[in-house]
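Two complexes come next, and they have one chain in common, chain A, joined by chain B in the first and chain C in the second.
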Partner chain A sequence: MTTDVTTDAGTDPEADRIRSLVRPDAVHGSLYTDPAVYARELERIWYTTWVYVGHTSEVPEADDYVRKTIGPQQVVMTRDKTGAIHVLHNRCSHRGNLVCDADRGNAGSFRCPYHGWTFANTGDLLGFPFNQGYGGSSARDRLPGLAAAPRVEVYRGFVFASLAAEGPTLREHLGPAAERLDRLCALSPAGEVELTAGWVRHEVTANWKMLVENETDGYHPQFVHSSIFSISGSGIGALYSDKSTAVTRALGGGHTENDLSPEFRRLGVPMGWAGTPETKIPDYVAAMRAAHGTGKADEIMIDGSPHVMIFPNLFVAEIQLFQIQPIAVDRTVQHVTAIQFKDAPDLNRRLVTQCVGSVGPAGMLLADDAEMYERNQRGVAARHPEWLDLSRGLQRERVDDDGFTIGTATDETSMRAMWAHYLELMA
Partner chain B sequence: MTAVPDVDTGVDLREAERFLYREARLADAFALEEWEALWTDDAVYHVPVDPDADPRTHMSIIFDNRGRIATRIQQLQTGRRHSQRPPSRLCRSVTNVEILGQEGNDTIVGSVVQILESRDRGTTWWVGRVTHRLRRVGGVDGELRMAAKTVVLVDSDRSLPTMSFLI
Partner chain C sequence: MGPDVVANEFATVAVSVDDRGNGTRLRLEDRRTGTVRYLDALELESIVWAPEEWMRALLDPSRHRWRDADRGPAQESLPESRPEPPT
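Here is the complex of A and B:
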């Protein structure tokens, strides 16, 4: 390995190549299809930056564990006896076997089925049968345990991991996106979200960035979802129209949002954003007013839940939460669950019902989004015109009072921001 | 609709099979109105992720009451349900049909379904155990309807591709 930085600096040809594939108003189709680009994304994005792994409510008790993923890699998220959260690679340090095969459970230790090595839920090696083969039990000090994500941090119950030992803190990574998670949690009378409704896993034959871009693309709903809007009387379509006062906002760090609260405020009805009159959820509304006082509670319930894409893999879409998992350059899994608010049982049941109707392989919304991802992936396999256009709203983009770049509800401000951050990580 | 109350006249295996085969044929052919007419007014159409979980508090792949079944059909009828444009080509076989029991006036019928779905994206093989709750409506000689249909896919808790046809 050379360490002569004076000659190596700025001579990464792959970085130069990737830089040439992203323009301010267009991206090259090969970024969705090239296995070399995907391999670099895994290293530079998924195995470096903060990635959403799970939620503390999925491991509520000491010794609870749940299997999760970081991109295509298998991990186990555990809570140890002291309550600390760990993210461990699901790989025996002896011969690489999957150590944990149950989806979830409660155990203080994991025993590899292959040769019986045993690990604590902190990752520490506990035992290895016939230990004289290693010179006795003292070999525990030199043999490795389960590899742990070097950095794990929790924000409002949301567990993130970085596989890089050094880098920005989670708080720095989230930036103003953290306030969106605060806004979500404020919708619980107890100030907490719980992910207890289980997961639907929907696999699409498309590159992961097709999904990330779509999550805050306010241009597509009127077209992709017109079938359901036209028969359900849903007001969602109008939120994403030329007349909408909603905005698309770049939050920095590749995080983006469709801020629909201006429309919800215009409506001015508590829980109007959820399409649920307060008479249907009296216990919830009472609990919110008791917790926050009527004025503040009504403000929270009018403003509603965020619609925010936290780069690269956590998407909060008002009532549902998606975890995006790339498993190949052209294959992506969306893990989706209904958000549940602590101490809000009457609201939570409605959210499950609403969410199940919308998302997943048979969802009345998401099945059609998935169709678009897959059609896009097949489309970009055709080589011309090479570039995908990202120019919508570029000429009317502006900076809001808080210093964020914003566009109208249907502008591609969010995609441009995502790609700008992508280049920072990739090139 | 008829004012004659539902009457339990029993359902034998042959009649149950005829119903299931017809339902399968209508679903394969996207005979939407005829398929929808097979449901009772209190129907529940359920494709769980975890068949042991309460669908009111846990995620399902499909959990439709009668109103949502109607919405699902109407969405297909708009011609703008993109994930069914063009419609999937389907052929399903229904096997292992058994009368599992009687609950009130309803007959519980178990079966296995295997569906080959062909789309531009590729071919998908869907397999699951199905439970029908069949009810005779319109008197002793009345027709059978589905009061509930539950499809437990073999791979319900794994990653599944889009499944927007009528399973």
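Here is the complex of A and C:
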């Protein structure tokens, strides 16, 4: 795995200090609460590595735009008249005003409401009022436009940006996690995901890493989510146990997954992973078999959707997608949507209904987790014990046939992998 | 039925086909100021065929509404004084 930053140990006291706060089996509580650590995370992680910004299906037509974020940074993701995708800082090049206020819209150009500076959706400065004050229209050539993210790349419709001009390619950054996005897209008869169901913006008073760690923590579901599992009749909860053949896997680059597919294969029922019998979604099943042939289609529908945390901010949880946005050391926003699959209307209707129950405004799954995040943030503020334990399953960790480190469904293999990558970036 | 409205966070313009003259024309009304401009078929066709650079130049505020005083009147498409016919 390529690293973004060479180690600063020995030359940078702050790097040495941060290294001293992460052990193979424990992390220090101050990593969740120290503003200096957070400031360094913004520079070393959020403004350096590839960060998930949005999906091309959110700007389907020429001149569509959506407001997005890269950590606390406000950006606008646009599709220009030629179809190209841009990620622009949402900051007027004149006096720094927020240029776009609407969450989404269609506009080939943006006019700042403060003094009327006008920009193309590529970022180019088109003009400004009363240009004699700048010596005439030729000033346009020397004054800056909207700043663009130095690097923008798209994988299977997922748009990522890096605010660093140089570094690994997106494909290098994703590594084996890319195959998990392939697995997700394969569940569409057309091979494409569409993020068109709308977003819930869910803010918690907790450090962003609490969320990242929790996303592939298979130890908590049977406790935290027991109520939604019991009323929905879901069999998923039982898969997060030591009797399960499911595994927790470190994919490299800080990316991690809970791979439940061994259990879904044991079950052997198409769409069993979604708890949806094929009689309820006949059009979808027929479209999949027409697209792939029955054998391959059933294999895809049995294996199901991934449960993968792509570091630092894209979490695909089978049927829903979370974008994690830190806005302060102890404040994080989760932007959540129901995943929709192209050319799968009957499945999509069910997925929206399921997501309303899990992560909607009154959904139970996200509310359960949010309560734990906020309690956790309040808890780590206590001074003792200073360390959080990360040792679960360390003694039974092993390497699978593909060379990945794996643990059982409830082991903390994923957290240890995240922290190892964190140190590569931070210190 | 009222006119269609094309709007985003930057501008709001009412659009309708007007047939009070001897032929049809497009009526555009800037809803934020009440200012109106009519475009006939040939003007519209010319916009369809206009180079992109021409459209970009049009979006420079200093070219029209917010031009310096010595560069011409701020507004050449005047507010309508004629009452709307009953619909």
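Note that in this section the second predicted complex is superposed on the first by the 414 of 427 C-alpha atoms of A that agree within 3 Å, B and C clash if a C-alpha of one lies under 4 Å from a C-alpha of the other, contacts with A are read in each partner's own complex, and residues count from 1 in each chain.
Convention: a residue touches a chain if its C-beta (ideal position, glycine included) is under 8 Å from a C-beta of that chain, and two chains touch if they have at least 3 such contacts.
Note that this is a predicted model, so its numbers are computed, not measured.
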(message) For A:Gly293, using the defined touch cut-off, is the partner it touches chain B, chain C, both, or neither? Pick first, second, both or neither.
(response) neither
(request) Once the structures are superposed on A, label A:Ser109 by its partner contacts, choosing first (chain B), second (chain C), both or neither. (result) second
(request) Please indicate which partner A:Thr205 is in contact with in the superposed arrangement: first for chain B, second for chain C, both, or neither. (result) first
(request) With the two complexes superposed on chain A, say which partner A:Phe130 touches: chain B (first), chain C (second), both, or neither. (result) second
(request) Determine, under the contact definition given at the top, whether A:Ala120 touches first (chain B), second (chain C), both, or neither. (result) second
(request) Specify the partner with more touching residues on chain A, choosing between chain B and chain C. (result) B
(message) Touch test for A:Cys355: chain B only (first), chain C only (second), both, or neither?
(response) first
(message) Just checking: does A:Pro35 make contact with chain B only, chain C only, both, or neither of them? Give me first, second, both or neither.
(response) neither
(request) Touching chain B in one complex and chain C in the other: list those residues of chain A. (result) none
(message) Show me the residue ranges of chain A that touch chain B in the complex, using the header's touch definition.
(response) 103, 196-205, 224, 226-228, 230-232, 333, 336-338, 348-349, 352-353, 355-357, 360-362, 364, 367-368, 370-372, 374, 378
(request) Please name which positions on chain B make contact with chain A in the complex. (result) 47, 49-50, 53, 55-64, 68, 71-72, 74-75, 78-83, 85, 120-122, 157-164, 167
(message) Which residues of chain A touch chain C once you look at their complex with the stated criterion?
(response) 81, 100-102, 105-111, 116, 118, 120, 124, 126-132, 137, 140
(request) Could you please specify the touching residues of chain C with respect to chain A in the complex? (result) 8-11, 52, 55-56, 59-63, 65-68, 70-71
